[in-house]
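We call the chains A, B, C and D, going by the order they appear; numbering starts again at 1 in every chain.
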Amino acid sequence: MQARFEELIAADERIEPRDWMPEAYRKTLVRQIAQHAHSEIIGMQPEGNWITRAPSLRRKAILLAKVQDEAGHGLYLYAAAETLGVDRADLLDALHSGRQKYSSIFNYPTLTWADIGAIGWLVDGAAIINQIPLQRCSYGPYARAMVRICKEESFHQRQGFELLYDLAHGTAEQHAMAQDALNRWWWPSLMMFGPPDAESAHSAQSMAWRIKRHSNDELRQRFVDISVPQAEALGLTIPDPDLRWNEERGHHDFGVIDWTEFQEVLAGNGPCNRQRVAARVRAHEDGEWVRQAALAYAAKHSADGRDGERNVAAA
Amino acid sequence: MTTPVAQYALQLGDDALILSQRLSEWCAHAPELEEDVALANLALDLLGQARTLLTYAGSLEGRGRSEDDLAFLRTEREFRNVLLVEQPNGDFAMTIARQLYFATYQYELYAALCESTDAELAGLAAKAVKEVAYHRDHAVQWTLRLGDGTEESRRRMQEGVDQLWPYTAELFEADAVALELAGSGAAVDPRTLRPAWEASVAEVIEAATLTMPSGDWQPRGGRAGKHTEAFGLLLGEMQALHRQFPGAAW
Amino acid sequence: MTTPVAQYALQLGDDALILSQRLSEWCAHAPELEEDVALANLALDLLGQARTLLTYAGSLEGRGRSEDDLAFLRTEREFRNVLLVEQPNGDFAMTIARQLYFATYQYELYAALCESTDAELAGLAAKAVKEVAYHRDHAVQWTLRLGDGTEESRRRMQEGVDQLWPYTAELFEADAVALELAGSGAAVDPRTLRPAWEASVAEVIEAATLTMPSGDWQPRGGRAGKHTEAFGLLLGEMQALHRQFPGAAW
Amino acid sequence: MQARFEELIAADERIEPRDWMPEAYRKTLVRQIAQHAHSEIIGMQPEGNWITRAPSLRRKAILLAKVQDEAGHGLYLYAAAETLGVDRADLLDALHSGRQKYSSIFNYPTLTWADIGAIGWLVDGAAIINQIPLQRCSYGPYARAMVRICKEESFHQRQGFELLYDLAHGTAEQHAMAQDALNRWWWPSLMMFGPPDAESAHSAQSMAWRIKRHSNDELRQRFVDISVPQAEALGLTIPDPDLRWNEERGHHDFGVIDWTEFQEVLAGNGPCNRQRVAARVRAHEDGEWVRQAALAYAAKHSADGRDGERNVAAA
C-alpha cells in the first residue's frame, strides 16, 4: 500500500479518498484544508463589515456576491476535508476553541472602504499565488476544489484592483484613502506566505508529498514581482523604501519583514483575533436552535415517511 | 413632475432595496454556512431587482437621477417601501416569517406583472418571478422545519408570524398610483393579490403546525414615506459612506 | 499646520466625545430609572468637556473649524480617541468596567492637568476634575455592588474588567505630542499617571472581591486614527443627519 | 374624617399623605400620577431615538439634558405616587402588563429631527397647559412635584420652539422638514387634552376634588389660542383649513378632531404602542440582574455592618 501511494506521488497522479495514505499525510491535509476553510468563513467578517455601507449599488452587489462566494468556498473545502474522515462540526469546534487556525490576515480590521479594494487586490492576490500550485496538489478532492476556487478568486482580485483604481483616480480624499489602505495591508499580505523558508516547520515534508510545490519565499517573491507594476498602474506607492528592481536577480529586492508582528498576530494578539472568534462563536451558538429544529424536522419526516417531499427539503 | 409609472417603480424598487439591506445584515452571522450562502443569494436577487427598478424610475422622472442618487441621496420621508421590509431581522424565525410573507406577495405580484402593458415592468417581472419563486420556496421550507421542528423553534416561528402579521395588510393597500396604473393595465391592483396570497400563506402555516395569526392592528404609511423608527437608523448606515464624500464616484 | 496643543486637545476631546456618545446609547434602556439619570449625566459632562476641547483645538489650528466641523465632518481615520472609549456598551457590567478604567484615568489626568502651563487646559481641567470625581465614584460603587452582589453579577463584572483590560495600556502611552507638551509643562506625560491609576483600580477590584486582570495583549492605534471596526458604525450613526444636509445650520 | 377632608378641599388647602382621604380619591390620584410618571419614562424613547444623531453638539447636549429631566420627572412622580401607599415596582409592572396607560402621544414615531422640535413645542406645550393647574391640585405631594416639573417643561418648550425656528428659517429642505413635523404632530397634540367634555368619564369627580380645575375642551381651546401666533412666528402653517379667529367668541375656531384615531391609539393600535412597551419591558428585564445585585450587596453589607460607607453607597 505504502509502495502504491509512493508510486502515485512519484508519477504526479492524484490520491483519492478510497486510496490508502499514510496517517501523517492525511493529518497534514486535514489541517491544511481545515485552515483554508476556516479562513474563507472568517474572511467573510472583515468584508461583511462594509456590505451595508457600500457606496454604490453596483459595488454593494459585487461585494455581496464576493462574500457569498467565500461562504461557498468554505462549503467545498469542508466537504473536501470530510473525504478524509473528519466532519464539519468537529472542524468548526476546533476553530471555535482555537485548536485550529485561520489565516492571520483576517485579524486586521477593515477601517475604510478602500480596505475592501486592498483585500481583493492584495489578499486575494496573495491567496491565488499560494493556491494556483494547489490545483495540482496530490490529493484529488482538494486539487479539484482549488480549480474552482482559484477561478473565482481571480475574478475577486480583478474587482478589488478595479475598486482601488477608481479610488486612486478619484478625488484627493479617495486617493488618500486608497494609499492608506495599501500602507496598512502591504506588509501583512507579504506575511501571508508564511515564515521564511529557513524557519518553515512543515514545508519539506509537504513538498515531498506534492501537497506543496514552491517554498514560502519563492511565492512571496512572485507576489512582490507581480504587485509592483500593479501598484504603479494604480498610481499608489508601496510602503517599502527598500523596494527596488535587482537586475542581477531578475527580481525585486524588498525590505525586512517584521516577523515579531507576525508571531504576535499568530499567537492571538492581532487587532481583531478576539472579535473574529467571538463573532463566529456567537453566530454558531445563536444558530444552535435552528440546526436542532432542522434535525428534528428531518427525523420526524423520515421516520413516518408520510411526506417524502418535505423530507427532501429538510435534507 | 414624476410619472405614475416612475412612482410605482420606486415603490417596488424601494421594497426590494430595503429588504436586501436587511438580509445582508445576516452576512457571516447565519445559523449555518448554507444559510450564509442562501441569504446572500436572496439579498443579491433583490438588489438586482432594485437596481433595475430604481434606474427605470430615475429615467422616467426625467431629473437625471441614477439608481445611486435614489438609493443614497433621498431622506427617510422620501422612501416608498412598505413597513414590512424595514422591520428588524430579529432572530432567524423572524427573518423567515418576513420572507414568507413578502416573497409570497412578491411572487403573486411579479406573476401578475408579467402581463403589464409597460414593457419594462413586464420584462423585469418575467425575470424576477423565477428568482422569487425560489425565495418563496426557501421561506416555505424553513417555516415547515421551524414550525414542526422542536418546541423552541415552534415557539419562535409562531412569534415571528404573529409579530409581523399586522404589517402584511399594507402589502395589499391600493394607493392612488397603483389604482391609476391598474386601470391602464400597467400595474397590478394590490387588492387582487390578497386571496391567492392568503391561501398560500395559510396552507404553509397549517402544514407547519402553526396557528394562523389574526388581529386588527394594521399599521401603514410606508408608501407615503411614514416609516418606523428603525428605518432611519437603517438608512443612516446605508448612506453613511456615500454621504461622507459628496460628489465622489465609486 | 496644527499645533501640538491643538492635537493634544483633539485627543482628549475625542476621548470625551466618543465615550459620551456610547453612554448616550443607554438612554431609556438603563437597568433602573436612577441609572437613566446617572448615565445621561455622565454623558452630558463628557459632552461638555468635548465641546470645550474641540472648540479650543479648532481655534488653535487656525483653519476655522468649529466643534461641529470637528465632530461631524472628520472621517474615521481622523479621530484621535483611545480604543477603550469606542468599545461597545455590552451589558451594564461592561459599561461600568469601561467607566471604572476611564474615569479613574481621567481623574488622574485632569488632576495633574490643573497645573498645566496652558491656561485653557488648566481651566478646563479644574472644572472637569470635579465632574470626573463623581464619575469615578459612580463606577466604583457599581463595581463593588456588582462584584460583591450575586453570583451572576460577579461573573459579569469579572468578564467586563477582563475583556476591557487590554485596552487600558493605550491610556498610558506617550505619543510624540504628549511628550513634547509634557516637556514644556502644558500636558501630562501619560506614563506618570499609571502608578496611581493602577493602585486605585486594583484597590477597587479587590474590594469588589474580583480578580485583577492580566495578560499581555495591548491593542493600540486610536491616537493614530487606527480604530476598531465598531468605531466606523458609531461614527456613521453620529454623523448621519449632519451629513445628510451639507452646509445647513442647526 | 370625611368632613375634615371636605373642609380642606373646600378651603382649597392641600391634602397630605398623613391625612385621611376617601378611597376613590386615593385611587384616582394613584391612577393619574402613575400615568403621568409612565408618560415621562415612555416619553424618553421617541426623543432618545435622536440623541445619537443630533446634528450639532449644542443640540445634542440640550436633548440629552431634556431626556435626563424626563427620567428625573419620572422619579419625582413615582415618589409622589408612593406617598399614597403603592410602590414603584408595582406601578412599573402595571405599565409593562398594560394595566396602566401612558400618554398616547408617545405612540407616534419620531421620523425626523424636526420631530424633536415639534415634541418640545407642541407636546411639552400641551403638557404644560394640562399641568399648570395641577400645581394647585388638592394633593400636596403631586402639586409640589408639578411646580418643579412645570418649570423644567417650560424650558423644554422654549428649546423645542427655538429648534423649530432655526429649521423653519434654515434651508428649504429644513423648512419642509419643520412643516412636515407640524403636519404630523398637530392633531395628536390636540388629542392630548383628552376626549370632549361631553364624553369625559372621570372629569366631573376630579373637578369636585380639585384634582382637576379646567375641562378638557377649555384647555384644548387655550392651547390652540396660544399656538396660532407661535406657528405664525415660526412661519409654519397649522394643518387645519377650518382654523380661524372667531371675533365673537374671542377664540380660534378649529376643525373636527378625528376621535376614531384617538380611540385606536388608546386601544393599543397606534404606530408604536407595541414597540414602546416592548422596549420598556426589555430594559426592565435586562436590568433585573443589576437590581438583584444591588439588593444582594446592600443586604450583605447592612447585615454584617462592617462597612458603613459602602452601605450608604448601595442604598
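To be clear about the criterion, contacts are C-beta pairs under 8 Å (C-beta built on N, C-alpha and C of every residue); 3 or more make two chains touch, one makes a residue touch a chain.
In UniProt terms, the chains line up like this: A, D = 1,2-phenylacetyl-CoA epoxidase subunit A; B, C = Phenylacetate-CoA oxygenase subunit PaaC.
Computed from a predicted model, the values in this text were never measured in an experiment.
Student: Counting only C-alpha atoms to place each centre, which chain is farthest from chain C?
Tutor: B
Student: In whole angstrom, what separates the CA-based centres of chain A and chain B?
Tutor: About 34 Å, centre to centre.
Student: Return the distance between the CA-based centres of chain B and chain C, expressed in whole Å.
Tutor: Computed from C-alpha means, the inter-chain centre distance equals 41 Å.
Student: At what distance in angstrom does the C-alpha mean of chain D lie from that of chain A?
Tutor: Each chain reduced to its C-alpha mean, chain A and chain D end up 57 Å apart.
Student: For chain A, what residues touch not just one other chain but two or more?
Tutor: 53, 173
Student: By residue number and range, which residues of chain C touch two or more other chains?
Tutor: If we look for residues of chain C contacting two or more partner chains, we find 75, 236-237, 240-241.
Student: What is the shape of the graph in which nodes denote protein chains and edges denote touching chain pairs (line, ring, star, complete, other)?
Tutor: Chain contacts: none of line, ring, star or complete; other.
Student: All pairs of touching chains?
Tutor: According to the stated criterion, the contacting chain pairs are A-B, A-C, B-C, B-D, C-D.
Student: With touch defined as at the start, can you tell me which chain B residues reach chain C in the complex?
Tutor: Touching chain C: residues 75, 233, 235-237, 239-241, 243-244, 246 of chain B.
Student: Given the complex with chain B, which residues does chain D contribute to the contact?
Tutor: Where chain D meets chain B, its residues are 46, 49, 53, 109-112, 173, 180, 184, 268-269, 271-272, 274-275.
Student: Please give the residue numbers of chain B that touch chain A in the complex, ascending.
Tutor: The contact residues of chain B facing chain A are 17, 21, 24-25, 27-37, 40-41, 43-44, 47-48, 50-51, 54, 67-68, 71-72, 91-92, 141, 144-146, 148-150, 152-153, 156, 237-238, 240-242, 245, 247-250.
Student: Spell out the residues on chain D that touch chain C in their complex, using ranges where they run on.
Tutor: Residues of chain D touching chain C: 41, 44-45, 48, 50-61, 64-65, 67-68, 71-72, 74-75, 78, 113, 166-167, 170-171, 173-174, 279, 282-283, 286-298, 300-301, 310, 313-314.
Student: Which bits of chain C are touching chain A when the two form their complex?
Tutor: Residues of chain C touching chain A: 75-77, 216-217, 219, 221, 226-229, 232, 236.
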